[in-house]
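Next, two complexes with chain A in common: one pairs it with chain B, the other with chain C.
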Partner chain A sequence: MTSATAFPVAKSRTRAGDALTKAVIYIALAMMLVYLLLPVYWMIKSSFQSNFEIQRIPPLWLPADPTLKPYENAGLLIPMWRYIYNSLFVSAMTAFIASGISCTAAYVLARFRFPGATLILALILITQLVPPITRVFPVYFLIQSFGMLNTYSGLIFAYVGFSVPFAVLLLRGYFQTSCPPELEEAALMDGCTYFSAFWRVILPVSLPGIAAVTIFTFLNAWNDFLWASLLLSSGEMKTIQVGIGEFSTEGGSTEYQNAFMAACVVSTLPALILFFFVQRWLVGGLTAGAVKA
Partner chain B sequence: MNEKNIFCYIMVAPALIITMLLGIYPMFASMFISFRTYDLLNVQERGSHWVGLRNYYTVFADERFVQTVIQTILFTVLAVGISVAMGLFLAQIINARFRGLAVLRTLILVPWFVPPAIASVIWIWLLNTDLSPINSLLRDMGWTTRNIRFLTDSSTWGPISIPMLAIVAVRVWNGLPFIIIFLLAGLQSVPKDYYEAAEIDGANIVQKFIHVTLPMLKPVLLILLALLFMGGIGHFEMNFIMTGGGPRNLTNVMAVYAYNQGFLFFKFDQAAAASGVILMMSSVICVFYMWAQSRDNLR
Partner chain C sequence: MSSVKIRNLRKSFGSLEVVHGVSLNISDGEFVILVGPSGCGKSTLLRMIAGLENITAGDVIVDDVIINKLPPRERNIAMVFQSYALYPHMTVRRNMAFSLKLAGKDRAEIAEKVAIAAEVLDLEHLLERKPAQLSGGQRQRVAMGRAIVRNPKLFLFDEPLSNLDAKLRVQMRAEIKEMHQRLKTTIIYVTHDQVEAMTMADRIVVMNEGNIEQVGLPMELYYRPQTLFVASFIGSPAMNTVEGKLSANGLFRFSRGAEINFGDASPRSGGDKDVVLGIRPENINTRRQGIPIGEARIRVVEPMGSETLLSTSVHDETFVFLDRDRQEFSVGDTRVLFAEPTDFHFFEKTSGERLA
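Entry: the complex of A and B
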């Protein structure tokens, strides 16, 4: 039997038709790959070209005279390293605080029935469904009234608020599917309190799931533009997304496009590295069982 | 109250408080503002008072807002339609087993690594009228004689324009990997016997897709479509960074309109009304989704 590959060459009466379909599929796939990869290639290519070369018409598909100069100049164009530091700091703090707050809530929402649990879940779900722009203005005024505009803590506070519902939903699913209830039943039997059962038994075995959620939260905060552009918009405090986005909207000229693209390459790297290391673990952490031994 | 409940409330309290403060409260506060006057420039002397639906009348009397609503719907339908179609196709390919799969999968997921703001600026550069490789390619092949002005051409076909299609292309590009992963999870739950049975009956690739894959994917597709439509109605970043809504308002969407009304013109009342419209439209999608799901369950 052919395994259930998506497009097996069927042993059917329509062999010629299938061959044609296959050809169409290959062509479509090739075109889509060009579409998906060209922008990234173009960014990388441009970042290795000189000021002069990048302005040539028609554009060159390969750098004729590759140079690292744009990478030296990128820092002069925008304070890239400072922006990346801002982003890393804000995203990391958000990820740790949000997953800490979420895992306690997700645990009790997954395991216990208590008055109000359904209502709490519904509230959390609603905030997830509504686009962020619908609460931009009150959140802005709220952060302003706390005196936290243009501070790291203001943005972190906002990010934690937006990440928690998402993280609770993910972690609740994780506790339900991959963390057997026998674990804390045994602990409670042995005389643990509810909290120490959670702290000493559940938490350690759930680390893969919690780590995956932490990384998701980090990447969400890292990718954000809207909130960072509102809440942390002055001078040196900008996150890298805002720094790059605003440089472009304020009319960065094509003259320095090579250095600008170099800045883009560098700012894509942190998330890329993170993705690379955790790709398999990320999917595994959310799907695999907690106790294998 | 017993010990277990106290424990539960303590554990859930931080998450609940922060969700109320930054999720639920702002939603209602925004609706509240939308029924009052709130012009930041004269709120000090004139104050803020109740005006009922007047802000909604005001925004809908603005031709540009009506245009923006239509464009938002078009943007969403185009972006969701194209990306789900492409996602279905690519998810099936990744779901197959063949040599080089790991490489292909990584390549297809590449746009995922690129944050939306950076995606926007690299596409701006890629679509630069004079220096775009796409224009140079089209000219080499003799398909065009003049450079296409991807982000600034203001000629239109009905409500559709070149800049709109360009931004749709970018939104699809950045959102596609998530859709593929989402659909892949659904595809992997389709029992293999179904395909084998269809093969024995002599079904070809297209028939297998229509009669086996699509019906089995329906629940996953339904959730995905609901999520994408709700997100698409409120989409902000790419339109804001790439064109700011121009040229001639042709790529403006409701989120950018609301943002500009608020933070550019300080008319927070009209901004809140515009975002109230977004809220209503996403609620409609949400209700529609729940209706579709319950109808499915009843059957």
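Entry: the complex of A and C
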């Protein structure tokens, strides 16, 4: 029997090069990760330390004497939990209303041809070209004239208005590419009305796209500082972002550093939790197999 | 089980008319196939019957009722799409049960109907899968299952097999035909594959550019095509056609001067007439049966097992013929081609109409 080892094994000439490329990519990624995560780590670490420990030189990378006291203090120094509730309520309502509106609008714009459809799309696009800061006065006076200053609904109204155009554009594209018209036609043939076809077929199939839009609008509202500080600035109605902003000038950056860091940590938690819950929708792949590849 | 009448049906997209007044009667339980080249309006016609496309003019009549204005859900018509259009978020079972659930049937009845359809289509072991986990042929069967559980008045198929490989297509062809024989539901089936049409249909409707060219039994279309278009569309490989002149006494003259004498076998032409002569590749022989067409130089030889397809040139015209006698051919050989006079077809050159 002839042995298989009698044949020479071909060597790849590009393998060494590949390894080098990989190494470079990993090093670059690692550096970026450090750049992004270091401040986050610093914030979390500091929220469990005493002010004395934070200011030690050389700095301590791990809390020597971890404590929950800063969280307690943050709640006493500012109405942190009330601010969080304000933010949660406003952001959730914004996400809910904006997704509902943009979902139905995008569907109509994706599926039906009607006079003026192109004009509507163009107008929606134009709103995205106007720098947000130029809207400050018109929006402020509009909300004021509705008597909605310092109310949740005033801020929600503004946020919904800002997020709907982008959401419509995004979802329209999603309906067009991931949700072929045949699906809807099959549903119509199977006995659906236009509405039930949308509700029972299009909507579930489009969940990843809709989830993405919902999260996006939620986070936009959650992270906003400008509009919240303008429209919802008095007393206990403040959102957490505005509250933290004020805290930073009221001792947050000096004698209450650890409490300030604790408030910051708390303010990032809802977004983090939300992301863990919905990420499976974002992975997509739900539409695979609907039609031929 | 229903009869379908289509009366003078027209469809325009904007100012562009794509279906020009089509009329057709389909009787109860018939399997009718619409064929025609791409873009001739087959899908549009089907979608108007389904209610997915507005009707510009004319009527669709099912069981003697005009249904033009009914939305799809009230027509009780099932449709199988080319892309299958299975609901990706539902299991096979729920895909098939969907229409029954919408119709408000009770659980037991739905379960029973789905079980029967699954058994018929051999889908029992796949019921809990999602469409993404199925092969092309299995998806196709689920799409059919979704249609048959409803027991509709009418089935519409729009090129249901065009995404399958050749072998699977032959198998599904047989399955669909068998399903029709068992259920006896009226079927309107669109394809541009004329083999599919010939093998499955009770009756074939040949369409071209928004008009019906001819309606007939498969064999009628094959043996007596009424127009040049039908002649060259039906049959595989396609019919050979040559332009020339036909004289009153049955003499066909090629443009290069050679002649074929048909004598009494030719249609009466009343003087020299511009015609197109047609002869099917399978009707040509080299066994000296019938009348001679001319000497052929062989240009391409394509052995296909049981038969050999030869591309030849006769009097500078291309003639394709099928040899079933397992002769040896090589490129450059010459043979004299023959055919029975009754196997020739004559069409008027300008109108493309068949001459008696």
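The rule is short, and it goes like this: the second predicted complex is superposed on the first by the 224 of 293 C-alpha atoms of A that agree within 3 Å, B and C clash if a C-alpha of one lies under 4 Å from a C-alpha of the other, contacts with A are read in each partner's own complex, and residues count from 1 in each chain.
Just so it is clear, contacts are C-beta pairs under 8 Å (C-beta built on N, C-alpha and C of every residue); 3 or more make two chains touch, one makes a residue touch a chain.
Just so it is clear, the structure is predicted and the values come from calculations on it, not from any experiment.
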item: Partner chain in contact with A:Ala28 - chain B first, chain C second, else both or neither; value: first
item: Touching partner for A:Pro180 - first (chain B), second (chain C), both, neither; value: second
item: First (chain B), second (chain C), both or neither touched by A:Ser196; value: second
item: Chain B versus chain C as contact partner of A:Leu76, first or second or both or neither; value: neither
item: Comparing the two partners chain B and chain C, which touches a greater set of residues in chain A; value: B
item: Contacts of A:Ala19 with chain B and chain C, given as first, second, both or neither; value: neither
item: First, second, both or neither for A:Ser46, with chain B first and chain C second; value: first
item: Complex contacts: residues of chain B adjacent to chain A; value: 3-5, 7-9, 11-12, 14-16, 18-27, 29-30, 33, 86, 89-90, 92-93, 95-98, 107-108, 110-126, 128, 130-133, 136, 139-140, 169, 173, 176, 187, 190, 192, 195-196, 199, 202-206, 208, 230-231, 233-237, 240-241, 244, 254-255, 258-259, 262-263, 268, 271-272, 275-276, 278-279, 282, 286
item: Chain B partner contacts - residues on chain A that touch it in the complex; value: 1-8, 10-14, 17-18, 21-22, 25, 28-29, 32-33, 35-40, 42-43, 46, 54-55, 57-59, 61, 101-102, 104-109, 112, 114-115, 117, 120, 123-124, 126-127, 129-139, 142, 157-158, 160-162, 164-165, 168, 194-195, 198, 222-223, 225-226, 230, 241-242, 244-245, 247-249, 254, 257, 260-261, 264, 267-268, 271-272, 275
item: In the complex, chain C residues that touch chain A; value: 50-52, 71-73, 77-79, 81, 83-89, 98-99, 102-103, 130-134, 136, 139, 146, 150, 163
item: Residue ranges of chain A touching chain C (in the complex, touch as defined); value: 180, 182-183, 185-193, 196, 201, 204-205, 286-292
